């Protein structure tokens, strides 16, 4: 016969105020198999736990029900407490009489009756609990970082410095992401390349880091500590083992196409490295525009290459490797403002450019060697309009959220224009100026001091008149229409997640929200983890943010990965499925419904009447099973069951509820 | 004594004042023995009921005792209360099955108190068959479809078919007939000429012969078609196996007894999963042997009354009468000891 | 057991809540001190796909007046595909119960995510009001063992 | 020209003998006569002589396929005389991995309907899987009234529906004939036989019969091949098909055309999902 101890917590006045805890204890003493029931002010406190341990000895209890706050709060605490006693930590059930009872009801009698019912159900369930022991699974001490921007690089560097193997998978031919495109960074105005390229070189040279550029994640299997990731390596047509990156082929290549890295300003050859400081600084051939690969003409690069590193027959390769942890750092992209805002010219006017395009113009290593010129005629602009919140904070036409970094980088752009073009005028149309970081407000003040004119209002229309761009807007502070004739307009467009995030999230089994940002485990308490064990995230894939926050998150994600990879093996929850193979008919429907492919049909020796036969039965891989219980509800004979939530237990709970 | 057929309702009304009268009533397209009430339409003649009357004396589900755990715990037997009953209009084959059940539940030292209480308080009015079903073979099993020797009152249709002729055979019968003073008149001569259409030749010592046929190859052939369901046992008037289970409500609960069937796969399943009768061959052999041989050893009479319900209702169209003929005709091989 | 019909009769409603979404939402409703009727009892399950339709039958059999199954929104399931099966199972189960005479309002399913505390409160309030209007459930309910001896 | 019943019977005996002659077949499952002219019973011919007892007429209504489950690990094959419904039953048990195709030798017989109410609306007179076929395949008919009974019943009020089913389940004697005759009910150990877990009591009162009836309806709902055996074998004449067909009708309405026991190996509805499933729980 079970000897159950019921411990009801007052939680100070949180519970005791609405629920008559003594009445609940009195009622609990009547339930079957209850040997002892008592109440205490703070059950989770040290004295509270000591009192429970004492009662276990005094009354020789063998299972515990604690009526307190939500099991999501202290189930772990009380399980750890039981580790120190003779009772198995899983012979414990928690009745939620705070969040789902005391706090949500006012009528004391009814709340007490509900608390009694919840305790009655927990007592019925704990009666059928069985001692469970955690099992352990080995951990592969390698990490995978998806995305080679500053977030991915920083995370990889920190993990590698801790001594673990890291692989960075980057879909572009070089790591660096968006940061390396920028010219200066706020608020210190130090040159972006000067602080990001050294990190890229470190990553490229770090003994523990393997760079997999022009690669994408094809398939992810397995579970925390034991991921098996298939990586698709797109054809590069250049053998990077032979190539030294001398650059001869790039100079000879006849094809010129707009450079993606430079946001379409300036061109690049078919065999190219995205930018001078690319890591790895070895070129790849773009199959869509290379004359040899498209029309089987030319082939100059193969002829000039001193090391015969060119291989036109290269194809996509798939490699599968094992990893213990995965960090998602897929970064952001700017929204396609042209579709959202036709009133700003919808992309017809070459001089209406995005912030990134301006970064390339003002960047010394950019296509214009840092001279701010109008992409249309190359003349230096005198009057520049910057339009903020293009796509951000706009429910009906764009994104509902604020993209956080544009206020600061627009101020930076204004600062750079006023610096580089003496006598120029910069008009910034804004709704609000948000300067949340350290030194951000002073930076904003300096920009205004430099002469940037902030106009409070939105730009309603931009159209070309002669070679001037007429920006019609409104100044809400003056309360009147404003028209600015500008030589160039910079749009601070909204950020959105990388295009393939839905595909990557699907493969990893993590969820993304309606704006396709990756959903973190808990917005305040677990910002760099996802719901899926072993998968972490950092940077703008989780939401718009600036570089300081991104780097901070990268370090946090790396710390989480190190905490995981530091152990040789990991405890797994024992609340997983198990099969009673004597009753299993081998129909295999549980195999179909398992989200983690944890169940397989195996041949086992068995008996049929008095004959020895080999039977086909289901078998659960305890490492893969995450304990969702879908199989237990699918099995008609109920022979696959979820430990901790067995059919018998839930039936008992339902019965207890309805006496 | 006799009474007009048309006075049947009157008779039942008077009896119903003191007893609960179970009569063959057609309701929801099913004829079964139910407590009589004004609105119910009784059908004396016609074929026998599908569900045998045994569930009046030996109910399908019967609560035995109630208990409560905890400080003021208790155990309290639940006794059937309104047991002053009349079983009105049961056929000779069902009467004979009640005799068999009496032997099981009331004799050989152990008396089943629940059955005994219901049986003592029950007065049985048997009714001679006027028409035999196509699967009735009670005559071949030594019964007379027109007469039930052990009934308290024997009722037959009169020769001219106008009235029902009563013949009280026990004091209970006398007492009952006395209650019908006003309605019944003397005389009347019963018509007892109903014959079974299905006649099978059963060997006289079939039970002894079967006792030697446990390993006989006949069993492989006969039992192949069985699908192992419990139909035959639940329509059979002489099957009396039961299982005991409990119904719990937190600290309270009750123990109840319910019909069980030897044809179910878990009937002889032992702890640990072993099963002395693993396949339907062993189970059907056990059922036939119990009906035709084992019961004789213990109580001296065959347990099959030839009512034909299992022959009519078996989903696989197996037929115990066919088996009886085959077993009677089978010659014993060397292996039969 | 639900007390027989008098006007202050309170229905007894059972809610299966998935641990990752709805149970979290319910806790959040508690954190925000939202108020809702007292007649819902919650059973925590790891995923809404753990709920076997036979549990629903059991609840009605044992005298519940209403059953609610809640889980994550399709696509948000912590176990990726759990609630797709829940959706199919309970759309069919609801129709089968309705076909056997149980008013569909007595058995409902709702997707409630971890942050939708208000939706949890509103759902519970609406369901308990609807069930209160329907009165105690007599269908599929087995008589308490003290009533109805042998039949 | 179409074969007469007698021709088919002779061809069946001939095929049965041929099958036994190969030595790979342990017995041929067909039908034979009983003492009643209008009742045939399943028969297991094991020798050439016994094959002559196989018959074929309009009273051969028992299902033959499920007997193959009697021996899940046979040393030799089972030869099964399979009508359209039997072949669907075989497909059902193959799909549930309870039978292996190589343990079966299927003698398909084109069936023009038997003395069984379900046969009027039969959509599969031609067997769907067979090793040898007797008779020319006939054009199939589409049964308009497939869900007519269910649709009519749906229109009743909740109380009427409940009263109707309560009365039916009062008649049920819990004999499990419907389960033992149903090819979709092929578990090694049925949930109803497991008292430890406590799903289902053993008593045969109204509530236990209702729980059993509904649970079985849900268990076989998305795998039922509509062979009508459950209704045929029920000793108390319960309309069991009216219960199981309800789910099939809903599946057809919600998830598109659906028929079980077909040669394609589509997953049963409850074993799979699509992202485009209709959603009513938002």
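For reference, chains read A, B, C and D in written order, and residue numbers begin at 1 within each chain.
Here, a contact is a pair of C-beta atoms (placed from the backbone, for glycine too) under 8 Å apart; a residue touches a chain by one contact, two chains touch by 3 or more.
This one's a predicted model, so the numbers in the text were calculated from it and none came from an experiment.
> Which chain, with its centre taken as the mean C-alpha position, is closest to the global C-alpha centre?
C
> Name the chain pair with more contacting C-beta pairs, choosing from A-D and C-D.
Spelling it out, more C-beta pairs touch across C-D than across the other pair.
> Hey, which chain ends up farthest from chain B, C-alpha centres compared?
That would be chain A.
> Averaged over CA atoms, how far is the centre of chain A from the centre of chain D? Could you give it in whole Å?
51
> If you average the Cα atoms of chain C and of chain D to get two centres, how far apart are those centres in Å?
35
> Report the inter-centroid distance (CA atoms only) between chain B and chain C in whole Å.
Inter-chain centre distance comes to 45 Å.
> Quick check: how many Å separate the C-alpha centres of chain A and chain C?
33
> Name the residues of chain B that each touch 2 or more other chains.
In chain B, 60-61, 247, 249, 279 touch at least two other chains.
> Chain A: which residues touch two or more other chains?
Residues 593, 634, 647, 651, 655, 659 of chain A each touch two or more of the other chains.
> Considering chain D alone, which of its residues make contact with at least two other chains?
189, 199, 205, 270
> Taking the touch rule as given, give the residues of chain C at its contact with chain D in the complex, in rising order.
Contacts found on chain C: 53-54, 57-58, 61, 73-74, 81, 84-85, 87-93, 95-103, 108-111, 139-143, 151.
> What part of chain A is in contact with chain B in the complex they form?
Interface residues on the chain A side: 30-32, 120, 124, 582, 609-610, 655-656, 659.
> For chain D, which residues are in contact with chain C within the complex?
It comes out as residues 150, 153-154, 158-163, 165, 199, 205-207, 210-211, 214-215, 217-218, 221-222, 243, 246-247, 250-251, 254-255, 269-270, 273, 275, 277-282.
> Write out the stretch or stretches of chain D touching chain A in their complex.
72-73, 96-98, 186-191, 194, 196-199, 219, 267-268, 270-272
> For the complex, which residues does chain C have touching chain A?
Its residues touching chain A are 1, 10, 12, 14, 19-20, 23-24, 26-27, 29-31, 33-36, 38-39, 41-47, 49-53, 55, 58-59, 62-64, 75-76, 78-82, 85, 89, 121.
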